[in-house]
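Presented below are the structures under discussion, each in the form of structure tokens.
There are two complexes below, and they share chain A, which is joined by chain B in the first and by chain C in the second.
On to the complex of A and B.
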């Protein structure tokens, strides 16, 4: 693709929308941040944010898109963390090998969790998924000779030679994997996932092999969650039973619903807002979790769809005819030319007399 | 050893049954998974601790007062935070978790992380069927079973119970029939939290109080309602018995039982779900929008 076409694409698809421009600006800012600010604590917090953002996005892929609300996502995270930790410690394999290996084990776990869950629906499925990490935790404690029990597996190799390199590895991965996940949801497979969530029976009646696609969702989600688990264990240099804990399961749920479910970027935004906030609240250690919980209650009470949809509603509007998003300042749709009404009171641009909307074609 | 197993299983079964019935009620009527349910159970225990040690009240008035207080708090948080969000199920789930976390953190701030204990209602031992059992256990089991029976009768024989069951079955038609669905939901919330608080109050002298004690019962209650079938009260009670018994057996009979009891109960749950996806007595919500 020539440079001019690339530029045309860039201005035509990214810069037209304030939401996408903001995302681009933030990505660029994160990429150049270490040039200005290299405090190891900040880098550490951001690296962990990136790792957890991958985890949250993987949860959104499964639960937001396919509707299989998983309350036990820690199983993928933890099993990959332990696998990569054990492979690194006992077999001496480098992180470059152990992390993909951990992710593959997590994919296997996706099958193990997914197959029983094929017959379950709604709340039954959520609660059944909750069971798996607890069962595995029991096994971890039972075989504490191998897994190190309460203390976990420690003394692992670092993710990268320096803090800075670890930051960039995590950043590149969150941008890359996040983009891949978004592309999956934006494809035919994503459409099928969407259909399964909305009405599984109709999807089956249309000839879609729903069990296959559900298992695919479990495995894909497991893969990405596994990558984040492996990254986590090598970054923290220890893999303990907390990686399988109920809190680890709930956190991506909280972050994603806060940020906006069923949109990969919502999960990433939610994590980027909430995780550093949790860290920042360390200034008031006794009240930290309390403030965090109160904040979540208040935000969800007033922005029930999540942060990102609320924000997007404020800066972009949807064309009533072609459903494309437009910047809120526009009077006509950039794709089909229909007149756009003033949000939110009147969005029916086509039906306003005297507005003089041009109909394309 | 056999009596230990039996008594522990009975106490656990009654406590779980109280919690599970309340949880099932809220889910059946309001269609929300209230993850803060066991947090109210914990709150009642802590209130009793405060009332007996700080205010010096007798145990029985402390119990009644703390139950009333917990019900008030539960109903208030339901009306303020949960009811307005009914349509957004995902948000409701997170709000209930966050509420539970708020309760946990407040307990941590006010009472510290150490274990607390509450004085027993009756001291001494009783001989039942030729075996010595602690009097407190007998009283607790008796009280729990009696209260469960009362609630069961109320649900099955009174008009209010009929209204609650009708709303649980089909909320829209109940509304059309003239029942104040919103009021019934609030009343159900009050009843359910009263059950949870009573369970907490009755077992406070038996168990130890610590700010994280709500997490494990929550997972078990979830396992129980899934096993018994969401929306079925009979299922909740029977499933509580099954889970409590298997849990106690695992703890006492297997060498590292204490680690495995949670895993075992959940394994049982998954095994049953594989065979019967709606749970043992579950009603299938097929096609519900």
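On to the complex of A and C.
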């Protein structure tokens, strides 16, 4: 593909939409940030944000897109963290090998979790998924000679030789894996996932092998969550039972729902906003968690579908004819040329449907 | 098009500017030593970390400060809420912030071992001196031996590590065994073990089964209740049926309260001894409805004269906190130890202070603190021995060491068997 075509693709598909342009700007900003600001604490917070963003996006893939609401996602994170930790410590393998190995074990765990969950739906599925990290925690304590028990495993090799390299490794991975996950959801497989979530019976009636695709979703989600687990253990240089904890399971749920479920980029945005925010709130240690919770409640009150859909509704509009997104400032659709009226009644509830005009505020 | 670009540039600029403020450091005031007190500040462990450190810093600053070479430095404490009981990465980030943003010279505190390991990595990365006052697992100290150059900045001031805790609690068990033999005339007492079902309890349960017979006692069984159990009548009645004269306990969490309460209410005819962290607290009598008398637990502090510092420290801390000091209050001693090492080294440079810390021979409120080759606090007669404390008439008193290895701290009283135990067994 020639450079000219690439450029045209770029201007035609990315720069035309404010949402995508902003994403691009933020990505570029993050890539060049260390040229201006290399404080180890900032880089630490951002690196952890990237790692957890991959984790949140993997949750969104399974729970947002396929509708298999997993409340025990820590199982994939933790099993990969422990696998990569133990391989590194006992077999002396470098992170480059242990992290993919951990991710593959997480894929296997995806099958182990997915198969019993095939017949379950809704809250029963969620409860079942909660059981797995608890089971694995029990095993960790039972075989504490191998796993280090309550203390966990420590003394792991670093993710990268310097904090800066760790930052870039995590950044490249979150951008790359996030992009891959987004492309998966944008493909035929993604369409099938969507169909399974909306109406599994109809999907099956259409001839789709839904158990296969559900297992595929568990495995894919497990893979990406496993990568983040391996990155985490090598970044922290410690892998312990907290990686299988309830907090670890619940955090991606909170971040994703805040950011906008069923959109991959929503999960990433949610993590990018909430994780550094929690860190920033350290200035008020007694009220930290309270402020955090209040903020989330307020945001979800006024942006019930999450931050990203609310934002996109503000800056982009959907063409009534071809359904393509356009910048809000456009008068005609960039694809089919239909005249674009004022933005239609939004799902966000602040607009008044039927009035046809934007209500101030 | 131009407006959109302008908006974008504005957004990016704001984003970058905000980020650059996150890492802003205040201009470091001269002649101040900053010490981070790291712990879960919303919980009692962190609160005791902070109070103990505060006491030490105030005393030192009032006396003129720390003499580094020919300059006097004041101590400034930085409170770091690690939230480690809930999140390990939160704890590590908090400590990294303290080191890189607040520019602390040393860290004291920590409690949860998994988080302490992660914090240890961060502190060693930045070559910052770290003095643990809470996490007891021995593996952290072993790293000093394995990779000295990296981990040499790590020290443990309190508590004595888990291996020693087990040894000390077994000494308490033998103490009670000797009393049972003498006062009840039972030469081979039956011992039941009640060890909470937590990871730290597993090796202890195994050790109990193995070692108790070697003490000339009969091991009748081990019961493993949940650490947060609220009803232990099943275990206690089974122990009564088994005919035990002694119960060896390990409780690090809330089950210690209902255990002692029901033990007293049901008047189980067995003397209770071991580790019961809840029984170290001032509110124990109230929590057990007054039934917790005669409970006997390993402890770090009591109003006895382990060293001339112990009683003044104990009384001042209890006055300030409204609670008895737990081992976390050892930050008090940690800061003094650090001060002395810095003064001997005549420098704040960690590489100069570490060799001086290794030479520590300090009479602390808990005993004489000397570090072993793994920078772990030494346990033994003449060093930190820990204490056995028993509730008698609603008061917590020290009953051990009472002649052990020739040691009896002034203020120690004799251990008392619960009267219902004596009544049950003495007729035999």
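Note that in this section the second predicted complex is superposed on the first by the 343 of 361 C-alpha atoms of A that agree within 3 Å, B and C clash if a C-alpha of one lies under 4 Å from a C-alpha of the other, contacts with A are read in each partner's own complex, and residues count from 1 in each chain.
In the analysis below, contacts are C-beta pairs under 8 Å (C-beta built on N, C-alpha and C of every residue); 3 or more make two chains touch, one makes a residue touch a chain.
Every value quoted in this text rests on a predicted model; they were computed, and no experiment measured them.
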item: Partner chain(s) touched by A:286 [first = chain B, second = chain C, both, neither]; value: both
item: First (chain B), second (chain C), both or neither touched by A:238; value: second
item: Partner chain(s) touched by A:141 [first = chain B, second = chain C, both, neither]; value: both
item: First (chain B), second (chain C), both or neither touched by A:277; value: neither
item: Touching partner for A:42 - first (chain B), second (chain C), both, neither; value: second
item: Contacts of A:304 with chain B and chain C, given as first, second, both or neither; value: first
item: Contact residues common to both interfaces of chain A (with chain B and with chain C); value: 141, 286
item: Of all residues in chain A, those that touch chain B in their complex; value: 69, 116, 119-124, 126-128, 130-131, 134-139, 141-142, 246, 250, 253-254, 257-258, 261, 286-287, 289-290, 292-294, 296-297, 300-301, 304-305
item: Touching residues on chain A, where the partner in the complex is chain C; value: 18, 21-22, 25-26, 28-29, 33, 36-37, 39-42, 44-45, 48, 141, 144, 148-152, 154-155, 232, 236-238, 240-242, 247, 276, 278-280, 282, 285-286, 288, 327, 329
item: Chain A partner contacts - residues on chain B that touch it in the complex; value: 27, 33, 81, 84-85, 87-88, 90-91, 93-95, 97-99, 101-102, 104-106, 108-109, 215, 219, 222-223, 225-226, 230, 256, 259-260, 262-264, 266-267, 269-270, 273-274, 277-279, 282, 285
item: Residues of chain C touching chain A in the complex; value: 4, 8, 11-12, 15-16, 19-20, 22-23, 41-42, 79, 81, 86-90, 92-94, 96-97, 100-101, 113-115, 117-118, 120-121, 137, 139, 143, 147, 198-200, 202
